[in-house]
Every structure is written in C-alpha cells, then in structure tokens.
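You will see subunit A twice below: alongside subunit B first, and alongside subunit C after that.
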Partner chain A sequence: MELEVIKKEKFSILKLSGDVDLYSSPQVRKKILSLITKSNKNLLVDLAEVTYMDSSGVATLVEALQLTNKNSGTLRLYSLRDAIKDVFELSRLDKVFNIYENEEQAFEGM
Partner chain B sequence: MNKEKYQLKIPSKTDNLELIRTFVSRISEMVGFTDDDVYKIELAVDEACANVIKHAYKKEEEINLVIELDYKKLTIIISDQGIGFDVNKILNRDIKNYLAQMKVGGLGIHLIHALMDEVEFRSEPGRKTEVKMVKYFVKDGKIKKSSES
Partner chain C sequence: MTEHKSIIEIENLETYYGSRKVLDGINLSIKPGETMTILGRSGCGKSTLLRHIIGLSKPSSGTIKIKSRNITDLSEDEMLPIRRKVGMLFQGAALFNSMTVGDNVALPLREHTELEDSTIKIMTRMKLDQVGLSGFEDFFPAQLSGGMKKRAALARAIAMDPDILFCDEPSAGLDPIVAVGIDHLILKLKKAFNMTIVIVTHELESVNMIADRVALLDSGKIIALGTVDELMASDTPKVKQFFNRIPDPEKIDKESYLKSLIG
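Let's look at the complex of A and B:
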C-alpha cells in the first residue's frame, strides 16, 4: 500500500494505492489523523488505485468521517473500483459516505 | 472432481494476510470462479483470519486454513485455539441501526455472511474456534464458473 498527500488551500487530497487491509490500515489511519485538523478540516480520498479493501480499511474511513463531522468539515471518497464499491454496499455504509464517480465531481463546490 | 484438499498453517500476524489472500485466490481462480467471486472468497477469508489475529490470541500463534473442493462447491475451514467468541451476540445486533451510528465492530462477520453462500461458526473457548464457509459453483441452477459462462 502506498499513500500520497496533496495539500490545497481549503482541503487535502489523500491518494491511496494497493491493498488496504489490517496490516496497512494503521498507516492510513495515522496519516488521516494528521491531515484532519481544525484549520484543514476537509479531506478528499482518491481510491482509484486501491485494489483491495477489507473492513479495517472501511473502519478507518468511518473514523475519518467521524473526525471531519466533529470539526464541521467534509470527507469525500472518489473513483472507487467496482470491487471496492461492493465492500461499501455490503457493509451498508455506501449511503453514509459522500461517494463520487471521479475527481471532477468530487472537487465540485470545494 | 474427486474431493481435493489444500492446507495452509501460518503464523497469526497481519503481514501474512496478503499471503493468505494469494493462496485462496489462486485456488479459487484455478477451479474457475469468476473474478467477482474470487474477490468475495478472498475478502471473506481475510476477514475471518483478521478476526483471529485481532481477537483470538494474546500473542502470535497459528491459523489453520483448509480448502476442500468437490464437484459442486469450495469449502474453507479456518480454525484457531484462541479465546473464542459468541457469534450470536454480533449477529443479533440490529446491524442497520448499528452502522447508522457509524459503529463498525463486528463488521467483518457481517461481511463474511454477505459474501459467502453458507457460513457456520463453532466456538469452544480455549480449545477450538472454527468458521466454515462455502461457495457453490452452481447456485439456483445457474453456473457461476467463469470457464463455463
């Protein structure tokens, strides 16, 4: 798993790639906790290159959502592959997150 | 197909999850499951093994994974000798309400049930905890194997 961060004026973009599982999700969690602050409370997560995600990855993103909500910020997920979308749907969390088809849609209004 | 059996005994640590997934997905591909079903089997096994790593033992022990193949199904049995758990406590939760509150503990077990055709848990705390999961090649009269679709 690899991660890349791009910081913009009003939000951060976290680009994840590879497998997000119980082994790698603590690294994602640590990065997310450092990115969501009172001064930079909006996070966009690019999942285009994520090939695999288990419930620990989903749980990490749920924690990110709770943190952005707490700071009155926004969390948006975008470019999910079908297999990853299925994990969110099977977890019944697809309606809880703001999920966008692509980067352009996710950036709208930010 | 005569009954075939594959077995993996592996230390219960998170860096082995990728290896476990590779083992399971290669066998699932080999017998002709679709990519979609291979992913589901891989994820279900990952969730079961992650539960063993997180909850069964206080330190690194062993996960025992057995795959059995017959003409109509793939059966996976994952077992450990850890502390065990009461699966009904998790399954009896009002999952919709639970997830609406953004609580995710036990999500792995719900995923396993959603991903596989049959799932059975047996737990004798301290002696043996076992999850048995089945994926059929043919479901409701419809062939699911990619080589035959």
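Let's look at the complex of A and C:
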C-alpha cells in the first residue's frame, strides 16, 4: 500500500493505492489523523488505485468521518473501483459516506 | 491465484487413531468461493478431516494444500499467516464466557493485528451488524440464546475477513427455525464476501440449502462427491441409505445377546 498527500488551500487530498488491509490500515489511520486538523478539516480520499479493502480499511475511513464531523469538516471519497464499492455497500456504509464517481465531482463546492 | 485453481487441495490423506485408520485415502479439491459440505454419519471421520484441514491435527500421510502451501509439514509459527485468513465456527460456539460479545469478536483482531482499539471497536460493531447482533456488544454469552451465541461466534470467525470459513456442525443443538436462520446467514456471508466455506454436518436440510458440492464420508473414505442432486440420484447403496434416511438393518447375534442378558 502506498499513500500520497496533496495539500490545497481548503482541503487535503489523500491518494491511496494497493491493498488497504489489516496490516496497512494503521498507517492510513495515522496519516488521516495528521491531516484532519482544526485549521484543515476537509479531506478528500482518492481510492482509484485501491485494489483491495477489508473491514479494517472501511473502519479506518469511518474513524476519519467521525473526526471530520467532530471538526465540522467534510470527508469525501471518490473514484472507487467496483470491488471497493461492493465493500461499502455490503457494510451499508455507502449511505453513510459521501461517495463521488470522480475527482471533478468530488471537488465541486469544496 | 487464478479463479479455477483449488484453494484447498487434499491428496491421499491417511490418519490413524492407534491402530484404527480414521481417514483412508482422502482426495478432495475445493475451489475458491465454493461451499463444500462434508457429510456423513457420526464417527465417519468428518470432524477429524476438518481438524486436519485447519492444521489442528497432523496426518499419518498425504498432503493438505491451502492456497498451494502444504500445511502438513508446517510448524505452528509457519501456520500463523495461513490461520489469520481462515475463520472457524466451532460446534459449541466456543465463546469466552467471561468476556462480552464485543470482546469475543475483537479478540482475534487484538491478538493478531496492530490495529488501534478505536478501529477494532468499529470493526466489531460492523461484524455484529452483519450477523444481526447490532447493539449486543456489551452482553455476555450467558445472556444470549443458543442461536445468538452461534451468530456471535460467526461474527468472531469473520472478524479478520477470512478467505476460508470452516464451520463444524453449525446448526447442532439449535431448534429448526434458528438452525435455518444460521444457514441463511452463512449463505448471505458467502454471497457478500465470496468466501470459500467448508461445512461439516449431518443435517440434510442444511446441505440442501447451502452446499455447492457434497463430499459424503463413510468409514474415513469419500464414497460420493458431487452436487446434492447428483448424490440424490446415486445408485450406490450407502449414498441412497443416507439421503433416504434409512436405518441400518438390525443385527442380532442370538447367542451373544442372550449371554449379555443372563451374564
């Protein structure tokens, strides 16, 4: 798993790639916690290159959502592959997250 | 791994308890995403076979490959990465009574991962939701019904997102309505997570509902292998006897019976 951060004026973008699983999720969590702050409370997560995500990856993003909500910020996920979409749907979390088809849609109104 | 390749491959498996051969030349291939039911009468060797597949017992001879790795010659340490991706639902649920349901489900995650407790708590709630036990995380096993205990045990078995789920008599000791509920749940999880499932049972109703294929075991040998329909159409006497639920003919040795009565 690899991660890349792009900082914009009003939000950060976290680009994840590879497998987000039991072993890599702690690294993702650590990065997310460092990115969501009171001064930079909006996070966009690009999942286009994520090939596999297990429950720990989803739970980590739930924590990210919890944190952005607490800071009155926004969390948006975008460019999910079908297999990753399924993981969210099976956990019924597709209704909880703001999920966008692509970067353009995710950036709208930010 | 390609889709058509076996996820579990058993070849010429033999094992003895003392001088008694309990598994006698077992050959079985299980495909990824398949639900394989190991069916047979009490004492036919099906639970022994399951113990061997999950590496709790070592065979006298033969090989068991899980994801192409022969587990029969692996040490306990070498087995760990394989066990982490395997879930096990034990016959008696095997929950720890001194722990809450939530802690029981969280146990494998706390034991085998570096995840933070906040992440584990969310995962535990997700798993309990998947088995229909949302809101029960603070209950103790003694406060649950038999069916709920099985559901909690299933939540623990899938805590690590296993590729393979083993179930030993999942509906044993449950009333028929609760038992069919567990079968439905196993089916739902299989569809949702595309897990390979191996179920040991002697319940024909369960087999009809959940099995893709059935291996019928008798005296340590697989005497029939195929879909439920194929086995039901079989002309083999022992297969017919099992599927038609025909009891063994009564055998009485007059002399020994009389002797047992009069001493």
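Rule of thumb we're sticking to: the second predicted complex is superposed on the first by the 110 of 110 C-alpha atoms of A that agree within 3 Å, B and C clash if a C-alpha of one lies under 4 Å from a C-alpha of the other, contacts with A are read in each partner's own complex, and residues count from 1 in each chain.
The rule we apply is simple: a residue touches a chain if its C-beta (ideal position, glycine included) is under 8 Å from a C-beta of that chain, and two chains touch if they have at least 3 such contacts.
Just so it is clear, the structure is predicted and the values come from calculations on it, not from any experiment.
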> So, on subunit A, is it clash or fit between subunit B and subunit C?
Replying inline: clash
> Where does A:Tyr23 make contact in the superposed view: on subunit B (first), on subunit C (second), on both, or on neither?
Replying inline: both
>> Between subunit B and subunit C, whom does A:Met110 touch in the aligned arrangement: first, second, both, or neither?
In response: neither
> Does the superposition put A:Ser55 against subunit B (first), subunit C (second), both, or neither?
Replying inline: both
>> On the A-aligned overlay, A:Leu65 touches which partner chain: subunit B = first, subunit C = second, or both, or neither?
In response: first
>> Per the contact definition in the header, classify A:Val96: touching subunit B only (first), subunit C only (second), both, or neither.
In response: first
> After fitting the two complexes on their shared chain A, where does subunit C collide with subunit B, if the options are 128-136, 200-208, 236-244 or 254-262?
Replying inline: 128-136
>> Output the subunit A positions appearing in both contact lists, the one against subunit B and the one against subunit C.
In response: 21-23, 54-56, 58-59, 62, 90-92
> Given the complex with subunit C, which residues does subunit A contribute to the contact?
Replying inline: 21-23, 25-26, 29, 54-56, 58-60, 62-63, 90-92
>> Which stretch or stretches of subunit B touch subunit A in the complex?
In response: 14-15, 17-18, 21, 36, 39, 42-43, 46-47, 50, 53-54, 95-96, 99-100, 102, 104, 107-108, 110-111, 114-115
>> Give the list of subunit A residues in touch with subunit B in this complex.
In response: 19, 21-23, 52, 54-56, 58-59, 62, 65-66, 83, 86-87, 90-93, 96
> In their shared complex, at which residues does subunit C touch subunit A?
Replying inline: 84, 109, 112-116, 118-120, 122-123, 126-127, 129-130, 160-161, 192-193
